[in-house]
Amino acid sequence: MAAIEALIFVSDEPLPVRVLVRILNEDKDSIETALEQLSVDYEERESGLQIRQIGGGWQMSTKTEFHEEVREFLKTKPSAKLSLASLETLAVIAYKQPVTVPEILEIRGVQSASSIKTLLDKRLIISRGRKDTVGKPMQYGTSRDFLIQFGLKDLSELPSIEDFEDLVQ
Amino acid sequence: MAAIEALIFVSDEPLPVRVLVRILNEDKDSIETALEQLSVDYEERESGLQIRQIGGGWQMSTKTEFHEEVREFLKTKPSAKLSLASLETLAVIAYKQPVTVPEILEIRGVQSASSIKTLLDKRLIISRGRKDTVGKPMQYGTSRDFLIQFGLKDLSELPSIEDFEDLVQ
Amino acid sequence: MEDLDIKQLEFDFQNVQATIVAESRDELRLQLGEFAGPLDLLLYLIRREQANIFDIPIARITDKYLEYVRLMEKLDISVAGDFLVMAATLIEIKSRMLLPQEPSVDGEEDSDDPRKELVDQLLEHQKFKMAAESLWSRATVEQAVFTRGAIETDDNNPEISATVFDLFESFQKIMDRHRDEIEMEIKRDEMSLADMLRTMRLRLKTEKELNLSAVFAEMHSKRELILAFIAILEIVRTESVKLFQSQIFGEIILRLADTEAAS
């Protein structure tokens, strides 16, 4: 029964009985009995989880009564994570600051407006006044939060080409 | 306790106690007591799962004794291990962190650039700012992924380097 | 040693998976490449010579060490600089050992031993080798542990956690991309309208008809695209060709007029 529990846990999708039969090499009836028992066990002990039959298989999930906590948790997940596009934009800003949106476009070859919005929202970049050229575009640079989140004392600590040359080759 | 169980399950990374404190609005001590209890519960009932402290947080995972069944199901092979050179470099970084490339060279007696690159790619080590000496070399330390992949609660769980001294002839 | 099977020894000397073993001479040959570095080779030699690490017979070990370095060279394994540095160190220690000992101050005998620094380094290195081994066994245990499969909420977070090196690599990639573009720019500057016109005329002559969207798709840059477009306009203006489109928004075909008449 413990092996069944482990397999349901690692499965991405509801786990069909026949798969358990194949992996554990036991007959269908005893596996089904064990599954029912496992499900009852989770119900009886005051677990935050449940094991139930769904979509032609067995699945482990949180009990509905904890939805609020789970939602709250998912909402407040640490936000140091970035999409690749945002990471690229951030890289350009970090190394080229202060830099304007048209300049970022030129370097990345892609419109970066939504990334810039994300980075501003996450307070990783800040505006650095306007550039004195046509259209007076806004310039951006990295923030103090950027230093903190990436564990840098100051901008001079950013890895340079030289640091990498030592490593590559 | 059931809510804690639900949150640990949902989290895709080891869940730090402080997050539980914030979400559940309870004090640290009672949450830690509940966590210990939960971990013991899983140990005592014959579960296929375990709840343990790893990489600065709490995580739910399968027990080692079911690795064959799980591997059979997931069709995975044990992933490629690190080369001896990388493993040695990692050991030096783990015990001497923060440590620079020249310092690693001194201990290993070999240029370790390609190993360091590998370890960075695998996210087992991270940069830890620059050292305030000539050339301001980059310093490296181990990451949270290192703790997780090596099953460590925190760095203090590493056997002390002096323990190995007795074993050296 | 000449009859060695060289093929067996072709490996990446820096990156070999290694355990130091082999007591018999034959096995030793096969294991040669498994020394991760000069300190490993040295430790191996000390063990093989059954020498005491605290009292290394430096002359004998140096000779053996040099023998291996020469062997590596003979086998065309590029001998890493680290091995040569160690060779120099050994030779230096060996020569210092030959000098008459200065009368030692009481209690400081050890610090005068030219071998001391090397011995310390060897001991330190050995400690970390063991630490590496213990890490390895930990990782092996951890590989038997699995975390849960993906659940629905995971899909909402398709993000990656980033480090400064990710930042740097992103930047490098962008710069590389940029460099490629600049190189292309230089190349395409070499092409003039006259060149493009000549190319297009030649193609039309040999291929009889050109699918314009296919032709435009072949262009490597905006500039080439514009040149191609002007060239086509020029051809339409000056030569007997027909432009036609079989359906609205369909492909536009440029065809030599006399070919059409012939078909």
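To keep things simple, chains are lettered A, B and C as they appear, and every chain counts its residues starting from 1.
Everything that follows uses one rule, which is that a contact is a pair of C-beta atoms (placed from the backbone, for glycine too) under 8 Å apart; a residue touches a chain by one contact, two chains touch by 3 or more.
Quick caveat, the model's predicted, so the values are computed rather than measured.
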Please classify the inter-chain touch graph. Allowed labels: line, ring, star, complete, other. complete
Taking each chain's C-alpha mean as its centre, the one farthest from chain A: C
Taking each chain's centre as the mean of its CA atoms, how far is chain A from chain B in angstrom? 19
Could you tell me the distance, in whole angstrom, between the mean C-alpha positions of chain A and chain C? 30
Multi-chain contact residues (two or more partners), chain A: 6, 9-11, 60, 70, 74, 151-152, 157, 159, 163
Note: chain C residues in touch with at least two other chains are 146-148, 151, 153, 157, 163-165
Mind pulling up the chain A residues that touch chain B in the complex? 1-7, 9-11, 19, 23-24, 41, 45-49, 60, 62-63, 66, 69-70, 72-74, 76, 151-153, 156-157, 159, 163, 166-169
Along chain A, where are the residues that touch chain C in the complex? 6, 9-13, 60-61, 70, 74, 77, 80-84, 87-88, 90-92, 94-95, 107-109, 150-152, 157-159, 163-164
Per the touch rule, the chain C residues reaching chain B in their complex are 14-19, 36-39, 53, 80-82, 86, 121, 123-132, 134-136, 138-148, 151, 153-154, 157, 163-165
For chain C, which residues count as touching chain A in their complex? 146-151, 153, 156-168, 170-174, 177-178, 181
